[in-house]
Amino acid sequence: MATQDILRPAVTTLEPALVNLAPVQKVVDLCRAMSLWPMTFGLACCAIEMMAVGMARFDIARFGAEAFRPSPRQSDLMIVAGTVSKKMAPAVVRLYEQMPAPKYVMAFGNCAISGGPFNFEGQYGIIEGVDQLIPVDVFVPGCPPRPEGLLEGLFMLQEKLTGRRWWPQPVGGEVA
Amino acid sequence: MVFTWLNLAIIVCLVMGVAFAGGPLVGSLFLAPKARGGDIGMPYECGIRPHGSSWMRFGINFYFYALLFLAFDVDVLYLFPVAAYYPVSEGLLPLFKVFLFLFALAIGCLYFWKKGVFEWPRKIFLDQR
Amino acid sequence: MIPACLAGLAHARTVDSATARTGFTTNLALEPAAVHDAAAALYKAGYFLECISGADFAEGFEVLYTFDRFEKPERVALRTLAPHDAPVVPTIADIFHGALWHERECFDFYGVRFEGHPSLLPLLLPDDMELRPLVKAPEARKSREAIVFQTPAPPAAADSAGEKAAADPEAKAKAKAAALAKAKAKAAKTASETAQAAGGDPA
């Protein structure tokens, strides 16, 4: 690399929309929630689960998020699936900053939440939790989480955007 | 010039086409929040700082295709008035003239065929960076 | 058992170890200067490079090259020792191109520089990291003689306790037996510690 990147957390300021009427934004948020376009950011083993979600058995296309865009310019959900090393961290930050608003982040898997199995005294090369660098909206725990876990994380994000959950709760999965 | 319903329909179609393409752009201008700051303006290169030139040199083979296109495009342009006049022409002489013109085009096409522009070369040597 | 291509290497020291234990049919310790020629001989004989790994011993950084063949399983290990203050080893990347990244990783984690390597950049760690993670603290380094060559460590030299030298011949015998059986400096230490505990009571 020619120039070296200084690792710093993401700096993004979000300006609200010009037309900020609540009913209009509610409708627009509903449209956004039902067609979130994830950015493929599979770094490690959790990427396999993310791929499984895109395939026929667990099918994320039912919920609108089939179009996985590799470019941040065309995506609005960044699924950080895997371990973020210190060498990769400036790229994560830069890609997050290059996403246009509105943008959301899902920390998928233990490594993205807290460093996972690599969280120990004397860790020299792994970022212990991607929320040290970018603001995270949904955390999906697991090592790796099941593909249904990613879907539940998507539903929680949709709930965050629109205010309610749109899909039935799985039997036995109701939070008391 | 008479302004008929057909003219209006064509104009409405044009306006709708522009609105279909430009409407979402204008809509996002008004309805979407804006993200600023950081590296949002940096050209995207997979998360790394872009290095190297963004201009690339084309292979010299493409010159042939540009030339071919130009030549045949001009020939087609000359064929438009021929096509307009042909229904009102009389006798076999216009047909003979058209065929003479097309023969000249075909000679040019044959020349380029023998030169090999319809084969894609095996090795394309691009400049090393 | 040294393959014919490596016969005649100066200063090659064979590591006595059973193939069944280590998996190597040939296990040689070389000087850094001899590594390049040995690798060239192995390349000509049809071996491929499996891995380049390292270890941090008290005597210096050991760089371990493992080679193998496709036709029949025959793993060859070459070890060199680079001193701690100037860890430089000639590169074999011009013979085995796969060594380019292995040597970068070795440099990344130990700081061993490979002379003649075209681009010795960090492979896995950030470019600006000064810390070499696998380099041990000086007091935690083990003896290469004890671990690799399995020489039983002399009980006086192995421990920091000074009164060890005075301890009984039975401690020495116990240490030797333990070292031959387990072949680890740690084993010698624990054996001599128990001997010290046992020998301290009657003394």
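Letters are used for the chains, namely A, B and C, taken in the order the chains are written, and counting of residues starts over at 1 for each.
As a working rule, contacts are C-beta pairs under 8 Å (C-beta built on N, C-alpha and C of every residue); 3 or more make two chains touch, one makes a residue touch a chain.
All values reported here derive from a predicted model rather than from experimental measurement.
Asker: Any idea whether A-B or A-C has more C-beta pairs in contact?
Answerer: Counting C-beta pairs in contact, A-B comes out ahead.
Asker: Of the chains shown, whose Cα mean is nearest the mean of all protein Cα atoms?
Answerer: Answer by centroid distance: A.
Asker: Hey, how far is the Cα centre of chain B from the one of chain C, in Å?
Answerer: Each chain's C-alpha centroid was found; their separation is 66 Å.
Asker: Please compute the C-alpha centroid of chain A, do the same for chain B, then give the distance between them in whole Å.
Answerer: 40
Asker: Centroid of chain A to centroid of chain C, CA atoms only: how many Å?
Answerer: 45
Asker: If you look at chain A, which of its residues touch at least two other chains?
Answerer: Answer for chain A, listing residues that touch two or more other chains: 1.
Asker: What residues of chain C sit close enough to touch chain A in their complex?
Answerer: That would be residues 122, 124-129, 131, 133 of chain C.
Asker: Contact residues on chain B for chain A in the complex?
Answerer: Interface residues on the chain B side: 29-40, 42, 44, 46-49, 51.
Asker: Touching chain C in the complex: which residues of chain A?
Answerer: Listed in rising order, the residues of chain A that touch chain C are 1, 4, 7, 85-87, 124-125.
Asker: What residues of chain A sit close enough to touch chain B in their complex?
Answerer: Against chain B, chain A makes touches at 1-3, 5, 10-19, 24-25, 28, 71-73, 90-95, 97-103.
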